[in-house]
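Here come two complexes built around subunit A, the first alongside subunit B, the second alongside subunit C.
Here is the complex of A and B:
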């Protein structure tokens, strides 16, 4: 159910009145969960199991983690194993249940129906791991077990095929006759092997909660309904923003305040998002798709313009989605975090990542970069550079199981590692003109988007080679698209110039709104799924 | 010299600003130039200055200058006793 389609409008027309009608009852949280599950189930009801699984498992493991002392305390393993002496009844019960679970699933993997065996084996292994967690009973163990549990569906659905294909290629290269089965062979009940929409987003959100709890940055949520809403809140379920526990969870403690300002803000966000997606991203996509479908037939100008157009397309596609998501949440009185802050006005690569997909870059900064940077801190700048490269490789792989994304992440990591010293120097900060820095960042980022957009690594390399070697033919770009990009660029520059106050006046705002509505009426681009739904 | 004063000196050296006066509630947002990269330099300077070593978990849980100062004092206290 995409935000700009009729089914979503109907869904909202039922959900909103029901939500507000339930405001004085204790059922509003339950209603919100039902709405979110319906929203997700509309796409694929079977994969609701994944959301339910992550919710319940992370909730239980968080409770178990909370039972462990913060300071490391020696656990008497011998007493636990031989005399069955646990100090905590909950942990003891968990241990027994996990052992029984691993036996049942292990048995099913051994002698159960053929189609269920791999699935049951996997579950049995997870149960055994959780039993070990209960036996050792430290916060670290629960963190590892929790991250593993939350991460397994993501690993399986997103990366299993990529891993088995690449390993099989290595095996055949080594002339070893063994072959790994395709991931689809492991699906239970003969279900299709599809990437569950939004899995990267809700998995990272749940993982963030576990890590924050481990670090003592957030308190454990004791109410399962509130926690379930945190995992499945429908406005941000498909593609974020990835919320932090301390930002979103408190908003489910009481029914949000109802005020007129929320509705006007929500509608303005939604209209802006709709315009970005349907008009700007939609029109740009027409040109980008034509050029990228057959890059070998186009000259250098077309390839350059299509790459620039794609840089704007992906910004408007994802930025438009985020505006709509924030608008829908705001309609109900909830606040989701800002995800984009004029990224193409960034004056450094570090600055770019503080403005682009902010919720995600904060996640990788806090949970991947910072721990690595701290671990390697005695290596000084080399440690920072290495941490940046590793972090952005993970970021690339997060976007998709393909070598193009790995290359995209590696380029950003290397770019950051190579420029963080320069960006902090007095020369760069004070002497280099702002426009030059912005041009450099935009050019670099657009260059990396070529890898992001191309179907394969050889295709990306072909495009780059042709940009430098192909003839300068007519790019066949519609004038309208050129004008559009020009206008958008001027608007972006105005947003951070001394004329920015002019954009905030009522007259200009109404004018922009009218133009956006007109654009939507006359746009014939149609809609396609959001780019970020595939991640 | 008291721990807080010594820590203040380290802050002034790392951020090259002699007007910094730290207080427990201070966070990265309050000091110009205190970002994730300069944070490493600060931590290294603190570790060298006080001859102590933080664990990674400790480093990730500091919420403000007060947390850092308390941790240093605990470590110095434990070493002195």
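Here is the complex of A and C:
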């Protein structure tokens, strides 16, 4: 159910009145969960199990983690096994249940129905890990078990096929007569092996909660309904923004205060998002798809322009989605974080990542980069550089199970590692003109988007090679697209200039809104799914 | 981050209630006004023998415009599918023009639309032909739509057919019609909101049935506003298909699986269309056929005759004038139901014997 489709409008027309009608009852949280589950289940009801699983398991593991003392206790496993006693009755019960669970699922993996064996084996292993966590009674163990639990579905659905394909290629290269099964063979009940939409987003959100709880940055949520809403809140379920517990969870403590401005703000956000997605991204996509479908037939200008067009397409697509998500949430009285802040006006790569997909950038910065940097701090700048490369490799892999995404992440990591010193220098900050810095950042980012958009690594390399070697043919890009992108660029510059007050006048705002509505009328292409849904 | 600290958005497009009210007013004025003002900007002076261009077959805004124009200038309009439109003949050789020649004056207007099956005709009359109230109408019933469950839109699996935007979208829709919800809503909007059908007209008539975005891709350096300046370019004079007799096309003896008339969706729709016309104080003549009996097996022909007599008897019971098209010589059929020019001429001469058409020759029809 995409935000710009009629089914979503019908869904909203039912959900909103019901939500407001429940405001004075304790059932509004339950209603919100039902709406979110229906929203997700509309795509594929089977995968509701995943959200439910992650919600319940993370909630329970967080509770168990909270039972453990904050002090770092060194536990001797041998002594622990020999003196089999628990101070905490809940943890003891959990241990017994997890052991029993691991035995049951282990048994099923051994002698159960054929189609269920891999699935039961996986569950048995997870149960065993949980039992180990209970035995140790340590926060670290619960954190690891929690992250593992939340991460396993993501690993399986997103990366299993990629891993097995690549390992099989390595085995074949080594002439080893063995072959790993395809991930689809491990699906229980013969279900299709499909990537659940939004799994990377809600998994990271749940993981973030666990890490924050471990670090003491957030309090444990004791109400399962509130926590379930935190994991599955439908406006941001499919493609973020990835919310922090401290920001979103408190908003579920009481029914949100809603005023007329919520309505006008929501409309403003939704209209802007819809325009970005349907008109700008939709139009640019036509040209990008034409060129990228057969890059070997296009000359350098077309390949350069298509890559620039893609840079804007993905910004409008994802930025448009986020605007709409924030608008829908705002309509219900909830505030979601800002996810984009004029990324193509960035004056450095670090600045770019502070403006692009902000919620995700903050996530990888706080939970991957910071711990790595701390670990390697003795290596000084080399440690920072290495932490950046590793962090952005993870970022690339998070975006998709393909070598193109790995390359994209690696390029950003290397770019950041190579320029973070320069960006801090007085010369760069004071002597290099802003427009030059913006130009170089945009050029580098657009270059990396080639890897992001290409179907394969060889195709990306082909495009780059042709950009530098192919003949200069007529690019056949619609002049109107160039004009439109030019206008958007001017708008972006004005937003961060001293002339931004001109854009805030009522006349300009009304005029732009009218033009956006008219643009939407003419965008009868029907639209396609958001690019970031695949992640 | 505290909730109050979350910035509204990176852009500054944040409208107040008053500003939104202004946007609604301006957009409302555009949506209301443009389809009404557009005819003043877009010249439309149809030549004699005009028929809706084939490329505009699904441009219902244009159909409505042609309908409004025709009702003011012609005493009788002819509403039907391609049998009236005339795919195998030039525009001056259609049945409409054969009739005009026969009566000696421009009395009949060709409002035939290619592929207009009875269920679509019902929708066209209901939503786009309100101006034909109180006029004389000749309606064609092409028996071809009753020759299979597929053409009768009764198949359980998804069926692709002409003019899906004109059939009922949600209630009593054809069984084989399984469009996505979004498409159904868009079709309803097209019928109910003149601006929506006007946009469809713009896309169809100026941008080759594409959206403006798609059109710019094919015409990267053209200015779309200049296209508007040229006005409507369409005049469909030539036959859409070569006017060769069916015998030269290698079509063998057909054994159609005629649907049961009582259960037929198309026949049910046709009856509704006739009732709708009658309720609009229209004087109606139904032309059943023509239909190529030579193409059918004997048994099939028997079925056809049974179906035809049931149709005739219903029309008689409901006091609707009816003319069953004469059987033409075999070589005057181009396919199962379309005559070539000479066939139309012969049918027109026969039609002249009906009281309905005689009235025009006598000159007592309204001018």
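Everything that follows uses one rule, which is that the second predicted complex is superposed on the first by the 522 of 535 C-alpha atoms of A that agree within 3 Å, B and C clash if a C-alpha of one lies under 4 Å from a C-alpha of the other, contacts with A are read in each partner's own complex, and residues count from 1 in each chain.
Here is the rule we go by: contacts are C-beta pairs under 8 Å (C-beta built on N, C-alpha and C of every residue); 3 or more make two chains touch, one makes a residue touch a chain.
This one's a predicted model, so the numbers in the text were calculated from it and none came from an experiment.
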item: Joint occupancy of subunit A by subunit B and subunit C, clash or fit; value: fit
item: First, second, both or neither for A:286, with subunit B first and subunit C second; value: second
item: Which of subunit B and subunit C A:510 touches, first, second, both or neither; value: second
item: Which superposed partner A:184 touches (first subunit B, second subunit C, both, neither); value: neither
item: Touched partner set for A:455, first subunit B, second subunit C, both or neither; value: neither
item: Which of subunit B and subunit C A:522 touches, first, second, both or neither; value: second
item: Superposed arrangement, angle subtended at the Cα centre of subunit A by subunit B and subunit C, nearest 10 degrees; value: 150
item: First, second, both or neither for A:373, with subunit B first and subunit C second; value: first
item: Partner chain(s) touched by A:87 [first = subunit B, second = subunit C, both, neither]; value: neither
item: If touched residues of subunit A are counted for subunit B and for subunit C, the larger one; value: C
item: Which of subunit B and subunit C A:216 touches, first, second, both or neither; value: first
item: Shortest CA-CA distance in Å separating subunit B from subunit C in the superposed model; value: 12
item: In the complex with subunit A, residue positions of subunit B that touch it; value: 36-37, 40, 43-44, 56-57, 59-61, 63
item: Residues on subunit C engaged by subunit A in the complex (per definition of touch); value: 1, 3, 6-20, 22-23, 26-27, 30, 181-182, 185-186, 195, 199, 203, 211-214, 216-217, 219-221, 224
item: Partner subunit B, residues of subunit A touching it in the complex; value: 215-217, 365, 369-371, 373-375, 377-378, 380, 383-384, 420, 424
item: Residues of subunit A defined as touching subunit C within the complex; value: 5-7, 10, 244, 246-247, 251, 260, 263-265, 267-269, 271-272, 282-283, 286-287, 290, 323, 326, 335-338, 340-342, 476-481, 491, 495, 500, 503-504, 506, 509-510, 512-514, 516-518, 521-526
